[in-house]
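First the structure, in the form of structure tokens, and then the observations on it.
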Amino acid sequence: MTTPPREMQIELRVRYPESDPMGYLHHARFFEYFEMGRTELLRAAGYRYRDLEERGVFFAVAKIECRFKSPGRYDDELTLYTRIERMTRARIDHSYILKRGEIVLAEASSTLACIGRDGRPQPIPDELYVDIPADDRSRPGNLSMP
Amino acid sequence: MTTPPREMQIELRVRYPESDPMGYLHHARFFEYFEMGRTELLRAAGYRYRDLEERGVFFAVAKIECRFKSPGRYDDELTLYTRIERMTRARIDHSYILKRGEIVLAEASSTLACIGRDGRPQPIPDELYVDIPADDRSRPGNLSMP
Amino acid sequence: MTTPPREMQIELRVRYPESDPMGYLHHARFFEYFEMGRTELLRAAGYRYRDLEERGVFFAVAKIECRFKSPGRYDDELTLYTRIERMTRARIDHSYILKRGEIVLAEASSTLACIGRDGRPQPIPDELYVDIPADDRSRPGNLSMP
Amino acid sequence: MTTPPREMQIELRVRYPESDPMGYLHHARFFEYFEMGRTELLRAAGYRYRDLEERGVFFAVAKIECRFKSPGRYDDELTLYTRIERMTRARIDHSYILKRGEIVLAEASSTLACIGRDGRPQPIPDELYVDIPADDRSRPGNLSMP
């Protein structure tokens, strides 16, 4: 039996309206990118978030934080690394690194809660569980990706 | 019996992330403003678009056009004039003028179709009908607002 | 001597925050997609819009219109066809078709004006001119793309 | 001599395209609201962020975090409380509470760095300093607002 992948990377290009009068990728847009990272990590595991929602499985962001290290600019080509750091019965912690080449633009982490159509917590479906090595579980928020 | 108002104005301030690297209000944002104008015109008539959606009454944009005359900038205070130009059994035509003081930033018009939860056309609820003078009906797209 | 390409297609996937409470790709977002189509058409010609801006060459949207035929939804994979319909000394007309498979979501057209850093009209740089067959020039707004 | 205000509240209404297919205010949008809170707090002190940028004074978000407590929905009327928690020579810490009536939607905090047009750190202009009681300085991140 295989387990879904725990991390992945996607490529992104900064769009014009995502950039602000300073010429920088607006800080609120980073969170949209992180969501795309989660979506693609889920897709790599064989699931589509849209289908989950149709089944009544929603993931709501409970907590998110981001440290901005260096600005992005319009038309930059960026790489986003997304990793699952921890999964409990009803929550998932992800970490993110957004880079342009070797330059780190941002490091971030989030906690998502699995909820139903009524907004109430519900267990994460079994098939979405990711196997995380025990020694790693002891380092939540670890960001050792390249 | 009163009829709902046919036109109204709202005040808006351009937000930072609505402005692009040129320093201008991004052209796609104008359409979000026009939607706000329609929402407030509906509210002035005593209806809330959110409630209509809960009742299964949706308005989908079928056609929209905009002529951009002068740029808006971050933190500008703008006035949006929204007017109903025509209503048929299932469609509404609006016109819009967006201004900063006396300067016209944009003139626009749209056609909305009333649809149900299934996406199919349905008649506009009677209570939303607006009385438009007959002589004016002959001038669709008329933009004589101040 | 080669001339820059006159049309091209790009693939897009609808992002979660681009979709509205109806579950549909919000109509204002289409205009961001069209801008991406123009950017990639320019890139295919060997130019980067970001570099043009650094040289003081800006393209401002003067007029845009869109007919919405069928809704897009979150996670849809779309194809956008972008074509130059006409170029004058200072203006470019584009047409657009956005599709999901064989289904047309929208047809649109726009006019862009070339301006300088001061916002005043300026001639389009010679190297950006696209050769458009004479018989086609007589059909502005033509949307015969597949 | 007066000192600029240290906290303030603003009223907001959730816009349609700010809401996602779940019907909720999208989590990335909260950060745009927090930025509006900072802008209005600055305005209440007699300064306009747009003017500061023209003088070459920029504030870049260095760090931001948010805990989401309860969802917002389209057309909700919200109150945002923004407060300066700490100021150093080159950084400002803000805290935020976003509420709908008595319900807390989110609590957040951020650190902004003052930078110049070249992206390098520079001292915050003297006139922007806010007087924060000494005993309060010892409680950064404090969120005791109503």
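Read from first to last, the chains carry the letters A, B, C and D; within each, the first residue is number 1.
The definition used in the following text is that a contact is a pair of C-beta atoms (placed from the backbone, for glycine too) under 8 Å apart; a residue touches a chain by one contact, two chains touch by 3 or more.
The structure presented is a predicted model; accordingly, all values stated were derived computationally and were not measured.
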**Request:** List every chain that touches both chain A and chain B.
**Result:** C, D
**Prompt:** Among the chains, which has its CA centre at the largest distance from chain C's?
**Reply:** D
**Message:** I'd like the Å distance between the centres of chain A and chain D, where a centre is the mean of that chain's Cα atoms.
**Reply:** 24
**Prompt:** Taking each chain's centre as its mean C-alpha position, how far apart are chain C and chain D in Å?
**Reply:** 36
**Asked** Between chain A and chain C, what's the gap in Å when you average each chain's C-alpha atoms?
**Response** 31
**Item:** Residue numbers of chain C (touch at least two other chains)
**Value:** 16-17, 21, 28-29, 32, 35, 74
**Asked** In the complex formed with chain A, which residues of chain B make contact?
**Response** 16-17, 19-21, 23, 26, 28-29, 74
**Prompt:** Can you list the chain A residues touching chain C in their complex?
**Reply:** 15-17, 32, 35-36, 39, 48-50, 73-75
**Item:** Interfacial residue positions of chain A with respect to chain D in the complex
**Value:** 21-22, 24, 27-29, 31-32, 35, 53, 58, 60-68, 71, 119
